[in-house]
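Two complexes follow with chain A in common, the first pairing it with chain B and the second with chain C.
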Partner chain A sequence: MAVILEKVYYKYDVDDNTSEEYGIFDISMTVEQGRTVGIIGKTGSGKSTLMQHLNALYLPQKGKVTIGEFVVDRKSKDLKNLRKKVGMVFQYPEDQLFEETIYNDLAFGPKNLGLTNDQIENAIKGAMEDLELDFESMKDRSPYELSGGQKRKVAIASVLAMNPEILVLDEPTAGLDPKSKKDLLNLLISIKNKRNLTLFFVSHNMDDVFLLTEYVYVMCDGRINFEGSVDEVFQENKKLRDLDLGVPFSVEVLELLEKRGMYNGPLKPMELEELADLIKDILRGNND
Partner chain B sequence: MIKIIDLEHEYKKDNNESIKTLNKINIDIKKGDFVSIIGHNGSGKSTLAKHLNGLIIPQKGEVIIDDITVTDDNNIWEIRRRVGMVFQNPDNQFVGGTIEEDIAFGLENIGFPSKDMMERIIYAASKVGMGDYLKRPPHKLSGGQKQRSAIGSVLAMEPDYLVLDEPTSMLDPKGRKEVIEVLRELNKKDNMTIVLITHFMDEVVYSDRVIVMDQGNIVLQGSPKEVFHNREMLKNINLELPKAAILQKMLEEKGINFKDEVLTKEDLVEEIWQLF
Partner chain C sequence: MIKDITIGQYIYKDSVVHKLDPRTKILASMFFMFGIFLINNISEYIFVLILSALTIIMSQIPVMKILKGLKPILPLMMITVIMNMFFTQGTVIFSWAFINITREGIYLAGFMGIRIFFLIIFTSLLTLTTSPITLTNGIEGLLTPLKRFKVPSHEIAMMMSIALRFIPTLIDETDKIMKAQKARGADFESGNIIKRTKSLVPILIPLFISAFTRADELAMAMEARGYRGDEGRTRFKELNYKTIDKIILLIFALILIFLIIRKIIL
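Up next is the complex of A and B:
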């Protein structure tokens, strides 16, 4: 499903007497079916407000949101069918697990969709398989007994069990250890491909955004400050820092090499292996 | 000095199976130390931290804060005054309507004389660089500012030890940096004892000592350099090296030989410069 936002405006009522405005203002974006986009911006820049327009938790006060065949504006009603299509994984989603067994937790959403018991079981099996959770050995266990990384996976599986076409992930790896983090990111990439999802990824971790997404929107004060392909956005190191954001590790290293006069190419984000090759070439080139 | 002697902890699962989360832990933390504790999710590091100020009372073994043993409710308030705790989510820790009220709340709870209160509030807020924001409500603060205020509220109680359980995991990059800088500053200038529990390997390089936990055991401890020298072992327990160290290792595999092992990008570029 494609997602199109046209001049979406949502302002919060704030009951203090400052002139500052909170919300999102005139946001426009077009995300084609199957794309992966990153949304970055410091705390309070409007990322969450924007995300909550994607499944019509908030209705725009002005402008409109088009998701597949659904059009959402300030007067929209009957949004249940839309919400089925958009899976939202909020920060620390495991806090929302509540059933006694993993099976029941995962069945909660599909049951509400009115699926038959067989359909529910299939949806759960599919979601657990995608997250590499073993159905037979885990279905009757309590979600509370699991490790942090496993709990996180169950929480994400409960969203996938609804078979969404759009997946919105808000800091999905926060608080996980480095290994669990890496595993989960790789899983998310393969799930996205396998299910052909349109993916929105919100994160403060610029290396994760670089790894996972193709196109990035940079938010500040409720507006899109700039946007572009990952390569384009992460070359704007000065702009990103001015917005209190970081840059990927590779760009930081290239900056330091540049400062020492060892490098004068583009400050392009890259994976560590590629960066290592580049540094090797720098050293070899100099010695030749 | 915090002394942990043969500390053990276990809990029972629904099916009555016991899980040991801490196994014969022995640690000494001296005044003025900056100690980091790392380990993967479920390694026992948060359970250990909760023992340091009596949120969990030892089932077996002892936790001694200076001269007080953490045993029961009799001395718990004195222990919590001495050992200040800061947690992951800044929003869960903010109780006042403004920073000033938030710091005052803790002081009122210990019956701090009101005539001295403002002075103490200003002192604590200044320590974390929030002295100019006393009247700010929490929704007008960034994540980093909220977390610094939480540290300020703890500092107002004049603790001898500061324990932080993943204080940066919900913050943006700038917030993370601010919090780590405040901790380094408190440690250096005021000789505050810091116990930092974190998942970010890049944050522990500033500490004097790193303690590595796995399955309820301390499996490694030493200076950051010593600890991160054990690359294979860390890999086996699913911990990563700091990114600069990973990059250095890749370069070594490509036939580049360095003089020293590094932990930060600055040091790595310095090493590369030496070879240039």
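Up next is the complex of A and C:
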């Protein structure tokens, strides 16, 4: 499903006409079906507010949000069908687990959608498989006895069990250990491809954004400050730093090499393998 | 929606009432509360009205703010008034089907209404002019003499201030969990009362779990900073009765004593 936002405004304090403080301000974006989009910006820049417009937890006060065949504006009602299509993984999603068994927790969403028991079981099996959680051995365990990384996976599976077409992830790797983090990112990439999801990825971690997404929106003070493909956005190292953001590790390394006069190519973000090759070339003296 | 809940409605003003010792304010409010149920004629109610008006003026709190505090109590007030009106025995002045309205009933209902009105006005004045922390300090101060009888006054006060401190945190947390469950298709707004109550389970369980985790962490952090309860603990702001506190307490106490003695004699 494609997502189109047209001049969306949202103010927290609607009645206060004097306040110029918008949660988000004049946001327009078009995201085609199957794309992976990153949203970056410092704390308080409006990322979360924007995110919550994507499944109508917030309704735009001005402008409209079109998600597939659903049009959401100020007066929209009956949003359940829309929420079916948009899976939302909040920060620290494991805080939402509440059932006695993993199976029941995963069943909560599909049940709310009114699926039959067979459909629910299939949805749960599918979601757990996608997150590499073993159905048979885990379904009757309590979600609270799992490790942090496993809990996170269960929480994400609980959203996937609703078979969304759009998945919105807010800092999905925050607070995980390095290995769980890497595993989860890889899983997310394969889930995205397998399910042909439209993916929104909100993060402070530029390396994660680079790894996962194709197109990036940079937010500041409730507006989209600039946008572009991953390569374009991360080459704007100065602009990003001005917005209190960082750049991927590879760009940082290239900057340092440039400072030492060893490199004068574009400050393009790249995977570590590619970076290693490049450094090897530089050291061998055939830099261009 | 959930953000509208405000607890601790303290408004800062540089007034005499604000500067009173919290213990004075709590005691005076308590005397007032007892007193209001002992008075029974119009002239005394006028005296109470003047006393309340005077306190409000001195406190510099806008009247509207104080009247706002009445809103949540309104249904309770109505019920009390209606109950008193319909179920008091006495001279019947109006009768229809099984409903009997008596003269005594009307009097009692009127007095009850007025009493609750002043009660709320005075207690909201207390919370409007005293910050939650000062209030708990005051309560601790008042409970200290009971320590002799093993009443854990310090612990009670500490529990109260921690509870107050965590209300906004819990509200945020509730909001967050509610959104997450809503995104999973939960419906909190429709259905009958049983269905709606059931729909709270997915909010309450995560909320309890995080509250317990938080409590555990807080206890650890307090111990790490050397908290050992009351013993040897000094405070930044010592409570002190000043002359004005003594005068006010004396006035309120004398009025209450007068009312009690009158009640006993008559």
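The rule is simple: the second predicted complex is superposed on the first by the 277 of 288 C-alpha atoms of A that agree within 3 Å, B and C clash if a C-alpha of one lies under 4 Å from a C-alpha of the other, contacts with A are read in each partner's own complex, and residues count from 1 in each chain.
As a working rule, a contact is a pair of C-beta atoms (placed from the backbone, for glycine too) under 8 Å apart; a residue touches a chain by one contact, two chains touch by 3 or more.
Note that the structure is a prediction, hence the values are computed from the model and not measured.
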Fit-or-clash call for chain B and chain C when the two complexes are aligned on chain A: clash
First (chain B), second (chain C), both or neither touched by A:Ser180: first
Partner chain(s) touched by A:Leu57 [first = chain B, second = chain C, both, neither]: second
Touching partner for A:Ile27 - first (chain B), second (chain C), both, neither: neither
Contacts of A:Ala157 with chain B and chain C, given as first, second, both or neither: neither
Greater residue coverage of chain A in the superposed arrangement, chain B or chain C: B
Where chain C runs into chain B (options 9-17, 153-161 or 225-233): 225-233
Residues of chain A at both interfaces, chain B in one complex, chain C in the other: none
Sites on chain A touched by chain B in the complex: 16, 20, 42-44, 91, 142, 145, 147-149, 171, 174-180, 182, 204, 206, 244-246, 249, 252-253, 256-257, 260, 262, 272-273, 275-277, 279-280, 282-283, 286
In the complex with chain C, residue positions of chain A that touch it: 52, 55, 57, 80, 83-84, 86-88, 90, 93, 95-98, 108-109, 112-113, 144, 158-159, 162
Touching residues on chain B, where the partner in the complex is chain A: 13-14, 39-42, 88, 137, 140, 142-144, 166, 169-175, 199, 201, 238-240, 243-244, 246-247, 250-251, 254-256, 265-266, 268-269, 272-273, 275-276
Residues of chain C defined as touching chain A within the complex: 173, 176-177, 179-187, 201-202, 205-206, 209-210
